[in-house]
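As structure tokens, the structure follows; a few thoughts come after it.
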Amino acid sequence: MASDNIQVSQELSRVRTQPKSLTLRISRFNPKTDSGKRFVEHKVPYEKWTTVLDAILHVKNNYDHSVAIRYSCRQASCGSCGMKINGRPRLACFTKISELNSNVVTVEPMDNFPITRDLVVGFERMFSTHKKLKPYIINPESEITPGTKEFLQSPKDVENYIQFANCIKCGLCNSACPTMATDSSFIGPQALAQAYRYVADNRDKGKDERLKIIDDSHGIFRCHFAGSCSQVCPKGVDPAMGIQLLRGYLLGFRS
Amino acid sequence: MSKVDENKKGIKGMADPRRYGIERVAYLLMRLSGLGLLAYFVAHIYETSSILQGKVGWDEFLEITQTTEGHIILAIVIGMSVFHTVNGIRVMLGEGGVGVGRPARPDYPYTAQSQNSRHKIAIYSAIVLAALAMMYGLAVMFGE
Amino acid sequence: MALQSCLVNKMRESVIMKIHYGTALASIALVAVHILFRLTQGFAESLQYENVLANYQFLPYAGMLEIILILLSIHGFNGLRVILIELKQGKSYEKSVTYGCIAAMTIVILYGSRTIFMTSMGMN
């Protein structure tokens, strides 16, 4: 009956919880005009499914549209929204407020990257270091010229490198790395893992070239297997594994 | 061209082991124990050179080192060497690719294979063995 | 110094780190023997002048001490070099850290060797 339906919907609205709210502290810093970082706090409502990116965009939409943030896909595949959330590098779109177990969420730009503004950092050094490691298949043969055939690769061959190909260049690993905290010349876990991605690919013949590049005083041996890069990687790339497997070639554990 | 501020976290970032698990703690302890052992090594080389001054010189140095403070310092050195050795073996094997897992297609929740229980157990074992060695050392030194 | 400079310039980091690991493994066993020697007689008694002198004059033990000295100096000062070049970068800084560590290593080895040779030959 209609009166039963009204009673049920009234009960449901009593049971449905009101959205909770949290304090979102956003780091604000414009290197062109400000002398140092400052934190601005906003009260933001959140549900069980609200991500940190949603919360920041809520602030942009309702309180302060000048907050600078880089984001795009909202689904952890573009790597744009990397930032430090409650002291640990994470993707804002991939981090739910509910998993932080805190009523205060502090968002800051990633460490070890130059700050462009607020939460946006510069990726020039990471990309240029990545390019130095020759992130492409090096093979004197070609699949393209007439008379040649395609490179063959079995599913087992693909398993050897596919996890390292998942890298979305978000930079969280470089931000978490303890060596990157002090060493400006260190290649970094992202580039080293990508070097292994190509060395492990059976189509590639550039292993010796890449090993020569990383065998440097600020190369692979400045990694001390702290593992923080793998702890923060959102895509399961496990750069620490790639780096140690790559180092095995230089130490003689693998040939 | 002006230098870009890399926003590096610096020594504080390198030395802060919070939020990253026991592996990061082991990294910090490895550095601290290494520096501590180097300092002790240099002091030990200097200290033992007193034997060239004969029994008088040697006994003078023994008076400084065979004290409560000296024994406590030596116990700390024992702990540092045991931790540095055991963890060093773990790091050497890990850095050669031993015990870090095999590459595989990653799937949600994307747990890193290299951060596995084998390495965590090795780190905790290093800490426990260091503690046991320190206790044994203290028992020997203060037991006499 | 010229030889050392050549070695430093030509030595790849992988070779330096293989030496670092090799010295570590070799010194584990030898340092264990060195420590066990102090536990055979009773710790305090083993540190008495006469007993220490007897150890030095036992040539295989003196030889072992010399090897430990060289191994641990190389391992320790290379570790220090690694920590220092990670803390700050720059061509002249890194060169001075490298040469400084080599110099410190050489001084420690020479000073310790002096103690071992003179004591084992009864010159104390």
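Each chain carries a letter (A, B and C) given by its place in the written order, and its residues are counted from 1.
To be clear about the criterion, a residue touches a chain if its C-beta (ideal position, glycine included) is under 8 Å from a C-beta of that chain, and two chains touch if they have at least 3 such contacts.
Please read these numbers as outputs of a predicted model, since none were measured by experiment.
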Quiz item: Which one chain sits nearest the middle, judging by mean Cα positions?
Solution: B
Quiz item: From chain C, which chain is the farthest off, judged by mean CA positions?
Solution: A
Quiz prompt | Pair of chains whose C-beta contact count is the highest in the structure | solution = A-B
Self-check item: Distance from chain C to chain B - Cα centre to Cα centre, in angstrom
Solution: 18
Quiz prompt | Geometric centre distance via CA averages, chain B-chain A, whole Å | solution = 31
Self-check item: Centroid distance [mean C-alpha coordinates] between chain C and chain A, Å
Solution: 43
Practice problem: List, in ascending order, every residue of chain C touching at least 2 other chains. | Solution: 21, 86-87
Quiz item: What are the residues of chain A that contact at least two other chains?
Solution: 179, 182, 184, 251
Self-check item: Where chain B touches two or more other chains, by residue
Solution: 11, 14
Quiz item: Hey, which residues of chain B end up touching chain A in the complex?
Solution: 4-15, 18-21, 23-24, 26-27, 30, 91, 94-98, 100-101, 103-107, 110-115, 119
Quiz prompt | chain A residues within the chain B interface of the complex | solution = 31, 87-88, 109, 111-115, 121-122, 125, 159-164, 166, 176, 178-182, 184, 200, 223-228, 230-231, 233-238, 240-242, 244-245, 247-248, 251, 253-254
Quiz prompt | For the chain B and chain C complex, residues of the former touching the latter | solution = 11, 14, 31, 34-35, 37-38, 41-42, 45-46, 48-49, 51-55, 58-59, 62, 66, 81, 85, 88, 92, 140-141, 144
Quiz item: For the complex, which residues does chain C have touching chain A?
Solution: 12-14, 16-18, 21, 82, 85-89, 94
Exercise. Give every residue of chain C touching chain B within the complex, in rising order.
Key: 21, 24-25, 28, 31, 39, 42-44, 47, 49, 52-53, 56, 69, 72-73, 76-77, 79-80, 83, 86-87, 108, 111-112, 114-115, 118-119, 123-124
